[in-house]
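In what follows, chain A forms one complex with chain B and a second complex with chain C.
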Partner chain A sequence: MSSVIEVQNLTKRYRETTALDDVSFTIEKDTIYGLLGRNGAGKTTAMSILTAQNFATSGQVRVFGATPFENPSVLSRMCFVRESQKYPDDATGRHALRMARLFFPRWDDDFATQLIEEFALPVDRRIKKLSRGQLSAVGVIIGLASRAEITFFDEPYLGLDAVARQLFYDRLLQDYADHPRTVVLSSHLIDEVAPLLERVLVIEQGQILLDEDTDALRGRAAAVVGDSAAVEGFVAGREVIYTESLGRVTSATVLGGLSEQDRQRLVAADLDVAPVSLQQLVVRLTRRAAESAPKHKELVP
Partner chain B sequence: MNRTLSVVRLQLVNKQTYLWVPLLVLGGALLITMVIFALLPVEGIVGGGAQAPMWYFLVVGVQSLTLTFPFSQALSVTRREFYLGTMLTALLASTALAVIYVLGGLLEGATGGFGTGSIFFQVPGVWDEGWAGAGLVYLVLSFAFFQVGFFCATIYKRFGAMVLTTGLILLALLLLAGVWLVTRLEAWGRFWGWVAETGVLGLTLWSLPLLAVLALVSYASLRLALP
Partner chain C sequence: MIEDGRPIFVQIAEGIEASIIDGSLSEEERAPSTNELAAFHRINPATAAKGINALVDDGVLYKRRGVGMFVADGARAALLARRRQAFAAAYVDPLLAEARRLGLGPDDVAGLISERTAGTTRKEPS
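After this line comes the complex of A and B, so read on.
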C-alpha cells in the first residue's frame, strides 16, 4: 500500500487554543478512514489544512507527494465539502452541482442525477431555503459524484434521517467498490459508521489517540462478563478500561487480546466474553486519555 | 488557465447575479426616470439613474468573496484561480454593461432623449470624448465598484471587522486632511481647474493606478484568507 497523505509534526494554534498539537500520521491509498473524536477535537481543522483551506502553524503536509497549497494538480484530486459549507447566495442545488462538475475531472453526472432522485433533493430550490438535511444532501452528492481520489466527508449526515443516512452509507460502499478511492469520514456517530471503516484515526484534544485497523482495534479489547468475584480474579493484573456492575454480575472491559490459555480460564470460571463496540472502545479510551492527561502533566516538574 | 476560465463559468452558472439583475436595475432605473421625465413639464433634466447598476456591483463584489469563495474552496479551486477568474468575470460583466450604456446613449441622442428632451445616458462630461470615451468611463467605474466591494470583503475576511472599520476611518481622516491642506493652501481654484481640465475621462484614467493597488492588496490578503 502506498500513502497519499503524509502529515509530520502538524501543529495548528489559534489565539486561545491549540487545535492540533504536533500530529503525525499517514493516510493510505484506496482505504476508508474514520476520523473520530469529540466536537472540537480538531477533525475539521485537520481536514481543512490537508485541503489547503486552512494553514498550519508549523509542521508539514504532503498530499500525493506535494504541498497542496495553491497547487491545482493536487487540489483537483481532492474534495472537501465542510459541514457548515457556504454556497453562493442565489444558487440552487442544481447550480451548485453544475459548478462542482466544472472542477472535478472524474465527476459522474449520471451518478449525481441518481443521487438527487434518491435523496429527493429539490434541486431548483434556492440553497438558503433548504432544510439542514437537504443541505447535507447537497454536500453528500458533491462528495460522492466528484469521485475525487481523496474525498473528505465532514459529519455528512447532519439533519439527515435514518433512511437517508443508510442510503449514504450504502452508496458510499457501493461506489467505493466500483471506483476505489481514499475516503476520510469524520463522525461522532461511531457505531453507525463502524461497518464502513477499514481504519480508524481518533483525535482527542488535538492529538492522535488511535491510528489502527478497525479489526485490530476491535481485537484489542474484550468485555469479560460474569460473577463479580470471578471477573475480578480474571482481570487482576490486566489493564481494565471500564467496569460495570449490576447485582453480582460484573462486566469488565480489558485491553489486550485473549490467549488460548485465557479462553480456557474463562470457560473454567464460567465467564462470558462479549465483543466491545467500536464506539464503546473509542469513548473509553478517550476518557482514559483525558483522565491520564492532567496526571501526566503533574509528573512533569 | 483552463481552471481559471472554469471559475468564470462557475460565476456565470447562475446568470441572475452577473447578468439579469444588473440589466433589471438599469432597465428599471431607465423606466422610472422616463416616467418622471414624462410627468415633468420641463425639458433638459439630467437624471442620475444610469449609475444604479454600479451600486449593485458593489454588493456582487462583496458576495463573490463572502459566499462564492468558500464554495470555490470546497471545489478545490486555488485562491489564485478564484481571484483571476472572478476578476475576469467582473470585467466581462462591466464590459457588457458599458456596451449597453453606449448603445443606450447613442439611441438617446438619436431620439432626443426618447422623446422627453431630457438626459438619462448622455450625462454631461462623460460623453465629452465621444461614445468610446463614455464606454471606457462606464466600464472602469463599474469594475471599480466591484473591486471596492471585493477589497473590503477580503480585508474583512482576512483581518476582521475591526481592521476594516479602522481602515475606513483612517481613509476618511486622510481625505479630510487633504481637504484641510487644499483649503490651507487656498488651492481650491487650482484644484477645480485641474479637475475641469482633466475631464471625466482623464479622472477615470487617473483612478487606474489606485485600482491596481486595490487589486494587488486584495490578492495578497486573499492568498491567506480562510473560507
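After this line comes the complex of A and C, so read on.
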C-alpha cells in the first residue's frame, strides 16, 4: 500500500490552546478512515490543515508527495465537506453543484443528478433558505459526486434523518467499490459508521490515541465480567482500559486479545467474556486518556 | 447479522461457512463476491475481501480467474468435521457450567437430554 498523505510532527497552536500537539501519521491510498474523537480534540483542525484551509504552526504536511498550500494540482484532487460550509448569500444548490463540477476533474454529473433526486434536494432554492438536513445534503452530494482522490467528510450528517444517513452510507460504499479512493470520515455516530471503516484514527487532546485496522481492534478488546476477585486475578498484568463494578460483579475491558488458554482459564474461573463495540472502545480509551493527562502534568514541577 | 464487537471479516467467513453447511451454497457453486457481500451487509469491501480470503486460505473457497470464487469440492465435509469438534467447547461446556451452578450433576443433565429428546421425537409426525 502507498500513502497519499504524510504528516510529520504537526503542531497547531491558537493563542491559548494547542489544537494539535506534534502529531505524525500517514493516510493510505484507497482506504476509508474514521477520524474519531471528542469535540475540540483536533479533528477539524487536522482536516483544515491537510486541505490548506488553515496554517500549521510547525511540522510537515505532504499530500500526493507535495505541499498542499496554494498548489492547485493537489487541491483539485481533494474534496473537503465541512459541517459548517459557507456559501454566498444568493447561491442556490444548483450554483454550488455547478462550481463543484468546474473544480473537480473527476466530477460525475449523472451521479450528482441521481443523488439530488434520492436526497430530494430542492436545487433551485437559495441555500440560505434550506433546512439543516438539506444543507448537509448539498455537502454530501458534492463529496460523493466529486469522486476526488481524497475526500474528507467532517460530520456530514447534521440534520439528516436516519433514512438519509443510511442512503449516504450506502451510496458511499457502493461508489467506493466501483471507484476506489481515499475517504476520511469524521463522525460522532461511531456505531453507525463502524462497519464502513477499514482503519480508525482516534484523536484526543491534540494527540493520536489510536491508529489501527478497525477489524484488528475489534479482536483486541474484550470485557471480562464476573466475581470481582476473580476478574482482578485474571486481568492482573494485562492492559485494562476501563473497569466498572456493581456489587460484587466487576466488568473489566482488556486489550491484547484472548488466547485459547485464556478462554479456558475464564471458563474455569466462571467468568464471562462480552464483546466491546468500536464505540465503547473509543469512549473508554478516550476517557482513560483524559483521566491520565492531568496526572502527568502534576508530575511536572 | 453483523455485530460490532467481533472482527467483521470473521463473521463474513462464518456466514459463508454456515451457508455451505446448511446446503444453501453447494460445492462448485459461485460464492457471493466481495462487492455483493459489502453491499448486502453494508460493510467496507476490504473487510469483506478479507473474509473471503480467509476461506481461500482455508481451502473452503477457490478462485476461478475472471469468474469469481467457488466452493471447493469436499468443503462441506471438512467444515462439518471442524464444527463437530468445536461443538463440545461451544455448547456442552457452557451447558455443564450452568448445570453446576444450578446444582445439577452430569447424570441429571444426561437424564434431561433423553427426556427432551423423547419429547421432541414424539411431537414429530412419523
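The working rule: the second predicted complex is superposed on the first by the 292 of 301 C-alpha atoms of A that agree within 3 Å, B and C clash if a C-alpha of one lies under 4 Å from a C-alpha of the other, contacts with A are read in each partner's own complex, and residues count from 1 in each chain.
FYI, a residue touches a chain if its C-beta (ideal position, glycine included) is under 8 Å from a C-beta of that chain, and two chains touch if they have at least 3 such contacts.
What you see is a predicted model, and the numbers here were worked out from it, not measured in a lab.
S.K.: Who touches more of chain A, chain B or chain C?
M.R.: Residues of chain A touched, chain B against chain C: more for B.
S.K.: Of the two partner chains, chain B (first) and chain C (second), which one does A:I32 touch, if any: first, second, both, or neither?
M.R.: second
S.K.: Between chain B and chain C, whom does A:L197 touch in the aligned arrangement: first, second, both, or neither?
M.R.: second
S.K.: Counting only touches as set out at the top, which of chain B and chain C does A:Y176 meet: first, second, both, neither?
M.R.: second
S.K.: Once the shared chain is lined up, is A:S277 touching chain B (first), chain C (second), both, or neither of them?
M.R.: second
S.K.: Considering only touches as defined above, state whether A:A148 meets chain B (first), chain C (second), both or neither.
M.R.: first
S.K.: First (chain B), second (chain C), both or neither: which does A:Y87 touch?
M.R.: The answer is first: A:Y87 touches chain B but not chain C.
S.K.: Please indicate which partner A:S76 is in contact with in the superposed arrangement: first for chain B, second for chain C, both, or neither.
M.R.: First partner only.
S.K.: Once bound in the complex, which stretches of chain C touch chain A?
M.R.: 2-10, 34-35, 38-39, 41-47, 50, 93-94, 97, 101
S.K.: Which of the residues in chain A end up touching chain C in this complex?
M.R.: 31-32, 169-170, 173-174, 176-177, 191, 194-198, 214-216, 218-219, 267, 270, 274-279
S.K.: How about chain B: which of its residues touch chain A in the complex?
M.R.: 3, 6, 9-10, 13-14, 16-17, 63, 66-68, 70-71, 73-81, 223-224, 226-227
S.K.: Given the complex with chain B, which residues does chain A contribute to the contact?
M.R.: That would be residues 48, 51-55, 70-72, 75-82, 85-92, 95-96, 98-100, 102-104, 142, 148 of chain A.
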